[in-house]
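Please find the structures below.
Each of the next two complexes has chain A plus one more chain, namely chain B in the first and chain C in the second.
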Partner chain A sequence: MSFWRMPLDAEEQGVTVGEVHIIAYRCKGCRYCIEFCPNNVLAESEEFNEKGYHPPYAAKDGKCVNCNFCETICPEFAIFVTEGKPGNLQPADVLHDVKPGRRLQRKRRYGE
Partner chain B sequence: MKKTEENDNAAAVNEEPRIGVYVCHCGLNIGGSVDCEAVALSAAKLDNVVIADHQLYTCSEPGQERIKQDIAEHGLNRIVVAACSPRMHEPTFRSCVQDAGLNKYMLEMANIREHCSWVHLHDKAAGTEKSKDLVRMAVARARYLEPQEEIDVPVIKKALVIGGGVAGIQAALDLADSGYEVVLVEKEPSIGGRMAQIDKTFPTMDCSICILAPKMAEVGRHPNITLMSLTEVTNIGGYIGNFSVTLRHKAKYVNEDCSACSDCMKACPQHAPNEFDVGLATRKAIYIPFAQAVPSQYVIDMDLCLNKNGVRVCEKCVEACERKCINFEDHDREETFDVGTIIVCTGVDVFDAAQIPQYQYKKAPNVITSLEFERLINAGGPTHGQLIRPSDHRIPKSVAFVQCVGSRSRKTNPYCSNVCCMNTIKDALLIKEHWPETEIKVFYIDIRAFGKGFEDLFQRSKMEGVQFIQGLPGEIVQRKNGNLRMIGELMMLHELYDIEVEMVILSVGLKPSIGSDVVRKYLTLSRTSGGFFMVAHPKLRPVDTATRGVFLAGCSEGPKDIKEAVTQASAAAARANIIMHRGMVTVEAITARVDESMCTGCGLCAKVCPYQAIQINDRKKAVVIDAACSGCGTCSAECKFDAITMRHFTDRQILAQIDAFTEFEPEKKILAFCCNWCSYAGADFAGISRMQYAPQVRIIRTMCSGRVAQNFIEHAFARGVGVVLLSGCHIGDCHYIDANTFAEKRYKRMRRLMKQNGLDNNRMQLVWVSAAEGQKFQEKINSLVEKLKTVTPEEIKNSMRFFSEREKQRKEKKQKTRAGK
Partner chain C sequence: MKNIFIDAPPLTPDQAKLGRSKGYGDHPLDKYLKEGRIPHIWCSGCGIGIVLTAFIKALEKSGADPDKTVVVSGIGCSARSAGYLNLDTYHTTHGRAIPFATGVKLANPELNVVVISGDGDLFAIGGNHIIHAARRNIDLSIICVNNFTYGMTGGQGGPTTPVGAISTTTPYGASEYPFNLVYMAAAAGASYVARWTVLHTRELRDAMIDSMSKPGFSFIEAISPCPTAHARRNKLGSGLDIMRYYKEKSYLADELDRDETALGLADKIAIGKFVDVEKPTYLDMYNSHVADRAAQAAKKKKKKKK
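So, the complex of A and B:
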């Protein structure tokens, strides 16, 4: 069954949020962290580092769940994550197939 | 146990048939629209009929005595009873003739009630003529009846219960307490079903989980019960006493050592709405649906867990679990085992209220369903028992209930869901108990308070100030502050109302659970128009199904309350117990026999048998494995060399019925072949419901539509029949897996053949009729009568010539092949 309501106890739920730290000069651009991050938090940045690679950056900040996988997988020890302040549950965290509201849909379609 | 008296009856085959015909009045049920005396008189003139009489009630003690006496006195060796449907009283009369020393297969019934008097209530002349035909056909068939020996098969003393709601729990416990091994299969992570979700139960207002949890726990620890949660049925084969069941256990990723300490759950970062709380509370990717769940064990929802596609990204739960019971290597497993009996308790889902857009469900947050209400008012629910409005989490001062949402309406479901009225009254009282000031209005059509203690509860709610307003709202409009305007018409006064409330509770109806589909598919159970499973007889066999050894309990059979569900469960357990206690069942002697001298070893039969019951041996002869043959007769219909005899439904018997049918004015009549399980039962249902249709049709019963050989149909046309109707179960519902697809093939072949040879191929028709589709049968017959009117004498003549010629050629060809061998 697909649910549409935000659960009523959502406010009681703390969400683990990780803070992503990138040691840019160590990155050799293998993209492992970007590919394997389960929440697609990371993306390639525009900047170059000393070695001439594009190091990653936390594109979807706040969506990191502190699973530490990027840290484990990075061959150059160029990324690590620390636990940040717990966040609030957002609809997108719970309702995994949320549809935007009618007004938002219209806005997206006609660019109002 | 009675053994069939094979030896005594062996002689009967060669004996001259001595037939007794008994026409039953069934009070006025038959006698009111059929001249039974005339029917008996016409039967008396038929060859081999020694005695023909009519009685008020043939099934009564004196009626049966009379048959027994006549058998002894007149040396009768075949009995024809013209009465109700054989689906009703065949067992009765079979045991009657058996008592008198005949083999029970020497009985034939002519169905002149469901297929005649009840459907032609106002045309006695036509009804009488039709009855004469039906009796003549039965006598023709009776001449060729042969004694059959039934075999006893051992019953496995182990039962399968599908569905772990309160009904499944009760059935499993009853059987387990009687000493049988029971496997209880539940598709969800925990047993409990709907009852576990409800707060209090009407009419007693007991706490639902408080009375259910001890039973659930008992299931969990009972030495005779194997509980399999998160498990689905993927196949069921076999027959009574010997079903073979295949299940898929879905991976839980947590093993039985789990102590449900919840440490893992706290560590897990992934959230989703909890299905058990109808989405009103959150759960994690590793979760237990509710505190009292049985088995008391966490499971991981892999769709939500971060570790997808075998990549181990997250290990938070693994690190948190001290008992080390999480295993990501877990995978789905299949398991196959045998059981003797099956009890189906697949329960219900609630109606999706969003299907009625004017009620604003899924649009206005303060419109909730009655199931959501149960979780809200429950102390263990998301709000710890506070009834709050979802929009602003405030306790509402006024509440409206809307009844019959998704019930009793042609647009949604036509049936009454049985529990919603009382459920609303219960809910209203619960609100009054906690917040006595709340204004409560119930919008309804009728209040149905029929059970014990129900009316008291209804009166109590009125005394507490609950207002009942007759007339459902036509529309609910949401206001900016989240309040809702109920707009509609008062039924009695024809006045409009427009009432504002702070919260609306939709009393949603019940519908068969999605889990019932797969069970239906493998057990080929019939369903009523509402989709609930059909019992063998609504009054006298209320928990049996048409499939022997399979029983029903709880809401899978129809919407009902807990008490009724439990009563049915105990009844089903008792019925299963009877079979397993005896340890033996006799299976009907309707199986295929190969005549080796005719068999050419072509292997066609083996190819069509849905049960792989035929093998070609090294001498190039077909061999039937008796225990595997279910008796559909498809092989016999397919064999081009008449090498396969279907016991009790032989070619000779069926052709004799066709000959008797075509004796008088065949061009004015319709010949219908109906399968025992669906279309014959559907025609019976039309009778029981007194659905009137044109009297031109005569029905020949076979076990399966796959039994109807093309040469039967050709023979009928050769003898000048106006229209032939072939009918059976819907594709996918066939009682013999897929044997009806062969009926469809033959039908198409017949149509093609007729067209190619310039005949009117609309005279050949096919219809799928389920046991509940009496109306469809009625409509089909009525439309065929229209067709019949357009069939010209030339057309009849042409087809008679064409098909007679073909029959002759076929016979010659067969003789040649046989001679050539």
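So, the complex of A and C:
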């Protein structure tokens, strides 16, 4: 997910983070999870599993938002997601670097 | 981020003899699956596994009591779903899921009775049963996996095969008009009718929740890819290609128009909830029209005798 600008309360707001668990030996390589993950977290691994398919792996660090779609679309019960420790928005999540407003500048300079 | 890969040791010969499954319990939904029956036999990219996952999630989310839920199926790839579920399930003969389910429901109306089966099973050999169960408004939830073919037996043409589709029995393309399943279920009297593709897995799950809580006959058509028997012959590509096609060509329809909801080969797909009405069920009607009147008549007779 990308934000237009850094929200003013970004430091106080936790961002949901999911941890992706992959049961690689069950995967049949349909790629549904990879294609339909809204955050493009998953990618195909180079390794083969015992069935001869390439299971997915979580390629993007900390980008899973625990939407659960991969778990729901997988026909093989081969992937599931649990809730991880909430993170914070990073500058890379923001499309535009907007200068902080006066209120925020004041807050940063003088504290509350 | 650390990648969490779950691996399991291979089964020992003793475990294999006991019918254990490798790594059973590794997935949180495994508790709804029978150990020893998974992994399932469905092909890579087959959509039936998505329907099964949606059903398990619906069962979990709806709060329905798994001990009071019965799943019945006929014969076919789709119909194997019942056998994988760790519930009270029954895998009937080909086409007879609905008569069996009707018996279960009428014998014990407290049970939540669900039928999961294929288009061929429910609308070809079992076609008569489904229209009459819908007509009677028997309180069942029917989940029909429509993959436009008889997948299990290698891809023959059936009552849902679109005009022009190649199958083993229609090598020059099907020439018969297919059934429009949602239109047919609605016309036969169903209280709830919806159609989703397996890409719309959340909507599918929610429709299943609705259908289980709905008194009366509910029908859900789940459009599902069969890469092996249907897509390959019709050059529709892999399962993923079909899912992309669902994404591109499906649209929400707000009314059940006969022509709008008809399905062609690789054509547009109207999806949505088409019918959701309140209507006395078969048992309600039987009780008010037969049981109550019979009881009154019996009382009268008794009085006369005195």
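Methods note: the second predicted complex is superposed on the first by the 87 of 112 C-alpha atoms of A that agree within 3 Å, B and C clash if a C-alpha of one lies under 4 Å from a C-alpha of the other, contacts with A are read in each partner's own complex, and residues count from 1 in each chain.
Criterion: contacts are C-beta pairs under 8 Å (C-beta built on N, C-alpha and C of every residue); 3 or more make two chains touch, one makes a residue touch a chain.
Just so you know, these numbers come straight off a predicted model, no measurement behind them.
Trainee: Which partner does A:36 reach: the first (chain B), the second (chain C), both, or neither?
Mentor: Both partners.
Trainee: Looking at A:76, would you say it contacts chain B, chain C, both, or neither? Reply first, second, both or neither.
Mentor: Touch status of A:76: second partner only.
Trainee: Which partner does A:54 reach: the first (chain B), the second (chain C), both, or neither?
Mentor: In the superposition, A:54 contacts neither chain B nor chain C.
Trainee: Let me test your reading of the model: by the given contact rule, A:5 touches which partner, first (chain B), second (chain C), both or neither?
Mentor: Touch partner of A:5: chain B, not chain C.
Trainee: Is A:66 touching the first partner chain B, the second partner chain C, both, or neither of them?
Mentor: first
Trainee: Looking at the overlay, does A:20 come into contact with chain B only (first), chain C only (second), both, or neither?
Mentor: second
Trainee: Counting touched residues of chain A, say whether chain B or chain C comes out ahead.
Mentor: After superposing on chain A, more of chain A is contacted by C.
Trainee: Take the contacts of chain A with chain B and those with chain C, and give the residues found in both.
Mentor: 36, 69
Trainee: Quick one: which bits of chain C touch chain A in the complex? Just the residue numbers, please.
Mentor: Spelled out, the residues of chain C in touch with chain A are 1, 3-8, 22-23, 26-30, 33, 38-40, 42-50, 52-54, 57, 198-199, 201-202, 205, 238-240, 243-244.
Trainee: Okay, in this complex, where on chain A does chain B touch?
Mentor: So the residues of chain A in touch with chain B come to 1, 3-5, 7-10, 13, 15-16, 36-39, 65-67, 69, 89, 93-96.
Trainee: Applying the document's contact rule, which stretches of chain A touch chain C when the two form their complex?
Mentor: Contacts found on chain A: 19-26, 28-32, 35-36, 53, 57-58, 60-62, 64, 69, 71-78, 80.
Trainee: Would you pull the chain B residues touching chain A in the complex into a rising list?
Mentor: Against chain A, chain B makes touches at 269-275, 277-282, 304, 306-308, 311, 313-314, 316, 362, 365, 376, 382-383, 388, 390, 393.
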